[in-house]
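What follows is chain A paired twice: with chain B in the first complex and chain C in the second.
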Partner chain A sequence: MEVTGNLKTAREMGLVACTECMRVSPRGTASCPRCGHTLRSRDPYSLQKVWAWWLVGLGCYIPANLYPMLETKTLVSSQSDTIVGGAVELAHGGNWGVATIILIASVLIPVAKFVVLAGLAIGVWYGPRATQGRRHVLYEIVEYIGRWSMIDVFVVAILSSLVQLQTIATITPGRASLFFALSVIFTMLSAQSFDSRLIWDTNSAGMAPDRAGRIPGRRRTLARGN
Partner chain B sequence: MAERQIAETMGAGGNEPRAPGAGDELHQLGAELIACPTCDLVYRVPQVASYERAVCARCHTVLISPRRKAGKQLIALSLTVLILIVAACTFPFLSIGAAGVHHDASILQTALTFSGNLTLLSLAVLFFIVVIPALRLSLLIYVLAPIIRDKPPAPLARQAFAVSEALVPWSMAEIFAIGCAVALVKLSDMADVVYGPAAWMFAILVVLVVATDRLMCRYSIWKSLET
Partner chain C sequence: MERISIIWIVPLAALLVVLFIAWRSYADRGPIIQISFENAAGVKEGSTELRYRDVAIGLVEEVGFTQGLDRVLVSVRIDNDVAPFIDNEARFWVVRPQVTTQGVTGLNTVLSGVYIEGLWDDQPGGYVNRFEGLADAPLERQGNEGLRVTLRASGRASLIENTPILYRGVTVGRIGKPSITEDGSSAQAEAMIFAPHDRLVSSATRFWDTSGFSFSLGPGGAALDFSSVASLVAGGVTFETMVSGGEPAEPGSTFTVYPEESSARTSLFSADEGEALSMSVVFSENIGGLTADAPVEMNGLKIGEVTSLNGMIDEEEFGDNRVRLVVSLSIKAGRLGLDEGAGSEEALEYFRDRVEDGLRARLASASILTGGLKIELVDVPEAEPATLQQGEQDTYYFPTAESDITDVSATAQGVFERINALPIEEVMVSATDLFEEARALLASEDVRGVPENLNSLLGDARKVVGSDEVQALPGRLDALIAELDKTVAQFNEAALMTKLATAVDNASDAAEGVSSAVEGVPELVERLNAVAAKAESVELQEMAEELTGLIQTTDALLGSDQAKALPGKLNGALSELSAILTELREGGVVENASSAFDSASEAADTVAQAGKDLPDLIADARRVLAQARTTLDGYRAENGLGRDARIALSEIQKAAKAVASLARAIERNPNSLLTGR
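Up next, the complex of A and B:
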């Protein structure tokens, strides 16, 4: 990346940027004169919010895996499948492709989201292990992919509203679907609460004492916005 | 598509960033500077031609991506999607047949399939796939309609656009459409599934939603809402 030397952040210039419309205002302005968005140089509660949503999200993800996602009744059998159980079932039936896709979409990606979000937050708190560019890419991925996890819930909705074939086969949604949806919603909120500008701060501004004169060390308290 | 990094902006023409605290001057400066919303780097607002994109030099976030006639196209797309969503709620969606037994499901039935303990989820699904997308696009049309006719912004246009932007991540119609495809793959070897018009409407919707996102230039819209 060839960033020329004299590029500065709004914070370094004593300005505060609007994340909604990109206008910059002098530090201390309460709301953006262009779009009315509340102005904060950095969200001082960003990490607290990230962790709060993260914990609730994780709390919901556990029952989402323990309870059945789908309950299938056919002429001869009746079974309820958890997310992993359903995938294992498919794999046993020789349907390896679909099983892998389900495992990736409903297990690997949600778990990866939790890990990445925690990693980003810890990186801001204790000093990062990865480069800014890499952390930024991870943040973008989590931001982007979050809402797509809702696809599982939609699939359950479609299957259970469609497969109502009296005695031949009926599918009803299991309790896990609610917890899975909640888990997706909470991780989305967690990702949204993360102030991405913190990724770029730790190296550039973090090395020098900030405006309040504090020298950042481990577990530096973030200077209040405005 | 021309992509341009705008790293040359700050301080390039001898215009060094002024010292903080120079009140009025800074206020004026605010109109000609922008900061990347993702990484906070400040740029002098570049001249970006239609179909060009100004990209942050550090984090590659697209800052400005103006298109000629984007407003009109956005309204056209939004209206189309809005009509598709409303129509999809009334037309047959999917029907299934196996061993002589048939069952139809509409979009609304699908959304409201969670009952008992899960009623809350029904409401959420209905909001994600119908209510929020429709609301978001209606707000967008409300905001853009006066702008494309060079009229002053509609009352509360700023608030309307802010709400519309906040709803974007929660508007999941296109995700639902992909969900249909996944569900049908799962069912295909067990039963015959017939696609109703509503299913095709949702399929078209995916493309249109992506097109809408590509056309949107938040900066240009906020700029035109500034009076």
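Up next, the complex of A and C:
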């Protein structure tokens, strides 16, 4: 959706909205008169936070794929599966549906999240490749679906709590489940700390605003102040 | 520069933590040791543990092969704190489930998977990283150190793996895996006597096998003996130090396990008996019953045993191609009782001397019941000269003598055959016939009639005795005796006494003839003496000739006229006496029946008088005999004719005594001649 020429952003009009209660106050006000939240036009550290969380999330995602997710001990055997390995086992066992769900939820979505978040953050820096509307839609999707990656962790938790039959069958969560959960949490935090208004802060020339949220005259101009 | 957000702490911290953990785990990681196994069944990468005292201290990281693919190489990462103790004395083996007669071990490995167990001492040594894994658990386990010895089975003793070694019923050790000795003669196994019982084993200890049971039948009765049900099934070895004076056993020393306690005890005394001397004996008779291990005895003492029996055909040596049996003996030099330190050489010399003196080997019965044989070395008197011959390859051949086998079976068989040959049937038939005839006889009319006849006879006899004539008989006898007296008086008048005297003179002449005949006896006796004196030194032939001459002389003597005349003279005397008696009979009694009885008393007187002369006669005869006796005494001969003559003369003396007593009796009571009282 494009912003037509007569519509102005709050920022252009010198107003700032409280992110908590949405009361619009003039720019320069320190705190919101209604809820007391600190008024800030743009989060200056947003992208840093995004990248920080993104890196930790990625760092947790790697061992989540290398370590086993579930350890199954029966009377005669002991089995440890990673995420992908378990899905492949299930697929070999004929459980295509479950395998598909696991692959989507535990591989596709987190990877997509990483890619999209990185893309969004880079787009804010270097100029977007997609239109603003699309970017925002992507952001929304990521924000919404991200939590569903926890499904795999739920599966592990439920199985572990149910199958505790001592020697006959025991399922314990492997180390990967912890890392995977952390990875999901960090990507969620990363997505959360992405200020979506930055998507829209391109100048009329289509230039992205700088880190501080100001629209630069040229790329990556570091300007202080507002 | 805009401010760096504080959020960067989070990734930074995460990174630091990761790095720190990585470094820590890398630094804490213990070294890798490689163990090669013959068989690594059940060992899995990443899950098989290495345990020490049942605590996991390592993990198998990789399972591969050695170069050449002949052994499985297992790489184990061990904990750092244990690594210094794993030196080159460490041993590793795979613990698997095992079911043995001693019990089931390692059952938990069925569920949990096999694990590798390690054993090392508590002295840290140099770190070694390449080991050869054992195929089985070693003998000593944790806390079970002790004395390691080698046991060698002898005879029927059996060594079974993992059987306990018992001492007075308590398990004090264990036998390891048996193997065959290098020369293939017996089985041997490593055994471990656990501390503190290892001090019970010394060099004088003897081991024996207590597995199974033993049954013996002897003079004391039957005995069945086994030590425990476990050892009955699975076997066991026990030991005892039987004599004092042994030194504590060294680790690695070898002990022999005997089949039973008795042979263990006897081995004590045969321990230091020196070398064994091997000899051979060749028998040409049947040696059924002689087996290897049969004893070789000398004077009843067992000095060795038979080692083997072989056949031999040697035409040049023996002259025919019959199979002869060569028995190989092994004689312990120490048992002969030679000096200390005597070896087989001295024993050989000793035997050489004894063989020349007549020592021979022969078969003898060892047991009458079983027919077993043994070999005896005995001094055979008057044996043919023989020496200890040396055959090829340093074997010595002992000369042999006749066997001394009591073949009970043959004797018994002979007895049975004789019993068999008895004509029992004929005897039975004869006896049956006899019985039948006896029965017939008894049943016959005549025999039946005998009691009736007897009865009638007795009745008649009674009638006779009761008859008047018989009653009158004593009276008549009295009258008869009175008449006899008278008859004797008549005899006197008829000068019968002169005739009697003449008869007696003749008898005395006869006695003189005997004495003269007896005079020839001393010469005979002398000759006999001479013959007897020569008996020992003279050859049989000469002795036979002498005896023949003697016999001829004896014949001549006996054939001489004087000897022949003896019976003639006696005959004459006797015939005169009989004539007198005939006259007596025909003469006076028939004619003068009554007057004979009247003169009976006078006859008795005359007889009495005659009886007075008899002692003088007898005294003469006695004098003659005494002369003969003294003559003979001078030429005393222990045996032969002299002794017989003496015996004859003593008989004659007895006869004379009897006559004298008869004469005295007649003297005392002349009526006794007639009445018999």
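Basically, the second predicted complex is superposed on the first by the 199 of 226 C-alpha atoms of A that agree within 3 Å, B and C clash if a C-alpha of one lies under 4 Å from a C-alpha of the other, contacts with A are read in each partner's own complex, and residues count from 1 in each chain.
Simple rule for what comes next: contacts are C-beta pairs under 8 Å (C-beta built on N, C-alpha and C of every residue); 3 or more make two chains touch, one makes a residue touch a chain.
Quantities reported herein were computed from a predicted structural model and do not represent experimental measurements.
In the superposition on chain A, A:159 makes contact with chain B only, not with chain C. Residue by residue along chain A, chain B and chain C are tallied for touches, and B comes out ahead.
In the overlay built on the shared chain, the residue A:85 is in contact with neither chain B nor chain C. In the superposed model, A:59 lies in contact with chain C only, and not with chain B.
With both structures placed on the common chain, the touch criterion links A:127 to neither chain B nor chain C.
Contact with chain B, but none with chain C, is seen for A:36 once the two complexes are overlaid on the shared chain. Judged by the touch definition given at the top, the superposed model places A:17 against chain B, while chain C stays out of reach.
Annotation: chain A has no residue touching chain B in one complex and chain C in the other. Those residues of chain A lying in contact with chain B across their complex are 1-4, 6-11, 13-15, 17-27, 33-37, 98, 133, 136, 146-148, 150-151, 153-155, 157-166, 168-169, 173, 175, 177-178, 181, 185, 188, 192, 196-197, 199-201.
Of all the residues in chain A, the ones that touch chain C in their complex are 44-45, 48-49, 52-53, 55-56, 59-60, 75, 78, 167, 193, 211-212, 222, 224. In the complex of the two chains, the chain C residues touching chain A come out as 1-5, 7-8, 10-11, 14-15, 18, 47, 111.
The touching residues of chain B, when paired with chain A in their complex, are 7-8, 10-11, 16-17, 19-21, 23, 26-27, 29-31, 33-42, 57-59, 63, 94-96, 98-99, 101, 103, 105, 109-111, 113-114, 117-118, 120-121, 124-125, 128-129, 158-159, 161-162, 165, 169-170, 172, 175-176, 178-180, 182-183, 185-187, 190-191, 193, 218-219, 222-223, 225-226.
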